[in-house]
Amino acid sequence: MNAAMQAAGTTIEYEPPRNLAEFMSLALAMESEAAQRYAELADAMEMANNVEVAELFRRMANIETGHARAVMAQMHWREYVPRGSPFSEGPETPGEDAVHYLMQPYHALELALACEERAERFYADLAAAVEDAEVREAARGLEAEEREHVALVRAWLARAEKPAENWADDPDPPRYVD
Amino acid sequence: MNDVAPCAPRTAQTYKSAYKPIWCPGCGDYSVLSSVTKALAMLDLPPEDVVVVSGIGCSSRIPAYTNCYGFHGVHGRSLAAATGLKVARPDLTVLVAGGDGDGYSIGGNHFLHACRRNVDLTYIVMDNHVYGMTKGQPSPTTEPDWDSKLSPGGTKLRVFHPLVVALASGANFIARAFSGDPNGTADILAQAIRHPGFSFVEILSPCVTFRPEQREWKTQVRPAPVEPTTDASRAARRLMTDDGFNIGVLYAGDRPVCPLAPAEPRSRVEDLEAEFAL
Amino acid sequence: MDMPVGTEERAAASAPSRRASPVASSSLSIAIAGSGGSGVMTAGMLLLEAAAKAGLYGLMVRTSGPQIRGGEAAALVRLAHRPVAALGDAFDLLVAVDWQNVHRFADEIPLCENSVIVGDAGEGDTPDVFRASGARVVPLPLKKIAKSIPGSWINMVALGLAGALSGLSAAVLEAALRQSWKRDDAGLAANLEALRAGIAAASQVDAFPTLGAAKPARGTRWLLSGNEAAGYGALCGGVRFVAAYPITPATELLEWMAPALAKVGGTLVQAEDELASVNMIIGASYGGVPSLTATAGPGLALMTEGIGLAVASETPIVVVDVMRGGPSTGIPAKSEQSDLSFAVSGLHGDAPHLVVAPTSIGDCLATTQWAVHLAEALQAPALVLSDQFMGQSRAIVDEPAQSTWVARRLTATANVPDYKRYRDTESGISPMAIPGTPGVVYTADGLEHTEGGIPSSQARDHARQLDKRLRKLVLHDYGEMWADREGSGERAIITFGSAASPVREALRRLRERGTHVRLIALRLLAPLSQERFDEALAGVSQVLVAEQNHGAQLYRYLRAMIDLPGKPRSFHRPGPLPLRPGELADAILAWSTR
């Protein structure tokens, strides 16, 4: 990675896109990775019987999937076959370890908010840095969309119940399995 | 990287099964699973030609979560089962997966001999420096002062250094990866699978339940400041001074691969009777 | 030498002195003993090979001291007109090329007053333990004879002597030597001369009961050890992968298989330990290749967890246990049938599996082949209980009939809809998908699982899979192979493994004297079936269970599992000494006249 760029506030490294197609495939990788991770987290939460958070993650997965679809439609791409990823971990992807089996919707929304904000900043930084006008315009467009998401998640968060101090307490020890 | 498969393209999803992992939310093993499936997609291998063999432990649950053939055996013996399978069926791609307890403690002897035998396997250890499945006892890679019920005050034992042991024992490919970097891990795994002989990939994979402090690993890991080497003595120096957080391919050797494989039949079984007949 | 049936006192009092009137015996037992480097094993082997050429049957058992090299050793050979699979009661001839510690074999080389001891006078006195038998001692200068022929070996003098006393012609003895030597060089010439000198020396042993001339052999005969027979049986059954860790007395089985597998397109891996070997064969078999390992008691103990895995994951494997004296390291190079209890019930959990035992040296072939067939057909581990006696002894046997037991595994075809690896079928057997087959991928599991193979701790799944795994073994039709049955009568003797051979011989002797006892030599030790026993024991009022171990393991096992008629009795004693037909005949006689 010679001409690597660093997205603000993250340690994400990637090759800067040189044209619209490259930029859009970067966006597609980013959105679908986030979608996949949310789906995974939703499954994990479901397994841990944390239904509310599972549902929330599922909703986020759907939003990100919609986003990825939109990118594909705009470019008239028919299918997405990821072969490796341009990122170590996409800017919009919630960390695998950022969850807890007793976490509450409030925590999940905090997590989602952080991811959306990171995405917004990522597109903004990219738009500021690229020279290709077409790419800059597309990046601004996606930045605006992410800003909408940020607002949406903020609104949800405002309505979510604040967790109690002892939300992570579990009187039972972990289960011994095999 | 961008070579497109001719017909129905295989994606990471192709290699995921419908079964949901029983792992704790936040466990690093989720990412490892996703890296494994991504690596298989990168290599575009038919899922039915891949077998994932494991032992016992949280991490060892991984085979059923893939859409490949799987063998979930007994604690510590995955390398043995995989060796038998690969020698008898060299046409298959055989991945072996498990935890640090499974691989370095109860299965330690098999680890040494698998390295030295250099059968074409890819061995993935999800190292969380703890026995997760049995509720948090120290493993060979646990820090000497880590307090636990079974070893109050810590084991006071030197940690086991799997990469050095692997190199000394004859492994042909040695890498360290981090579950928090799933795409980088997928890339390393794809290289490991492609590399002939015994490829060993140690993946730092946090146990958020018994070692929540391992969430900090993401701030500690760094890309190894060196290129992969084929020179074992350079690799040895590198590994001996390593603090356990350098990520990347650390050794890619050209040691001779285990020659064991089914021979071409030269005679019929009945022909062997000649030696008994008077 | 076969002792007459009856008490020892009677035998001693009434047996005609063979020295006075030599009679042609139907079986002759010869021990050739000496310290390391004297080549007594080679002499014994050549004696057996020459006898085979002459149309005789026979077997040879090896015994030796604990030293790696140079230890005392003895070849125990028995020759006969009809097939023999057990040692006799006493030895007719002991040829000692020297007496270095040979007295340690006194228990293994029982002599009686009709026996002849040929020892080298220059090598010291015949040990008292041998003299005490009342055997006749004939000193001959064996060493001097060999020394007088430069380049020759003393064991060839012993071979000539023993061969001539057995009634073998110089021609067959020379042919056996030539065949083993392979090169036509000075060494061969010298040893042929030594052989002839030994033959000539035989004339100095008068009145020795030679074997009468054999009838010309009908059909082909084979000379092989039980270990080789088991290895060959495994290949005939379809085994193409072996992983093992060396252990006495199973090593020869593996050493025979290594080059043989290479010839027929298979592989052998020397594993780092028995934990590895059993798991390696499980892996290979999971991959669709019929697989086997061989070991002895200590290795079997390490393998039990893996065998349980084969039960639970329904992976066919064959484990040959060449039993030796136990527990622990025990008596490695001596035989004992003491792993039976462990083999049938040593697995944790409810773990139905197959246990079979060959009933003679030659039968190691058919039984191992059958074990491969059963394991593959029933997708279960099969343990084969051979033992040191059968494994390491070589015997001349009639060419075994071709058997049709081959590996035939029920496998899944590609892309069958709704494939479930552990489907609860009527027979209990469900098609196994072999890696490489598309559309039917699954994960084999040692954890209790659903029909689809997903780990489950549900009561329903556990009950269902337990039933399935038991049912497939119980419902199988084992046909006539489950036991060798002979004779009739209201009394029956039940035995297994290498004990079957001396029991069979004892019963034949009793039959000649008008005592009829039924023989049931079990080949299938697990699972047992009451119906099969009921049928075999119809009309029987008393049962004796005979075996070679200290704990009466078969007796206890049968009493726990099967309703036997009358008051079942046990005849059992541990190794290392082999069961002898005479002691069994006495025991059976005492029991049957009670």
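The first chain written gets the first letter, and so on, giving A, B and C; residue counts start at 1 in each chain.
Operating definition for what follows: a contact is a pair of C-beta atoms (placed from the backbone, for glycine too) under 8 Å apart; a residue touches a chain by one contact, two chains touch by 3 or more.
Since the structure is predicted, the reported quantities are computational estimates derived from the model, not experimental observations.
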Graph separation of chain A and chain C (steps between touching chains): 2
Pair joined by more contacting C-beta pairs (A-B or B-C): B-C
Centre-to-centre distance between chain C and chain A (centres being mean Cα positions), rounded to whole Å: 69
Averaged-CA centre spacing for the pair chain B and chain A, given as whole angstrom: 29
Between chain C and chain B, distance of the C-alpha-averaged centres to the nearest whole Å: 43
Multi-chain contact sites of chain A, meaning residues that touch two or more partners: 178
Where chain C touches two or more other chains, by residue: 447
Chain B-touching residues of chain A, taken from the complex the two chains share: 36, 40-41, 43-48, 50, 79-85, 87-89, 95-101, 103, 173-174, 176-178
In the complex, chain B residues that touch chain C: 19, 46-49, 51-53, 61, 63-64, 67-74, 76-89, 91-92, 109-110, 112-113, 260-269, 271-273, 276-278
In the complex with chain A, residue positions of chain B that touch it: 1-5, 9, 11-12, 20-28, 30-31, 34, 38, 41-42, 56-58, 133-136, 179-184, 186-187, 206, 208-210, 215, 218
Chain C to chain B touching residues, read off their complex: 49, 52-53, 220-224, 228, 232, 235-236, 240-241, 243, 260-267, 269, 271-273, 275-289, 291, 305-306, 308-309, 313, 396, 399, 433, 435-447, 453-455
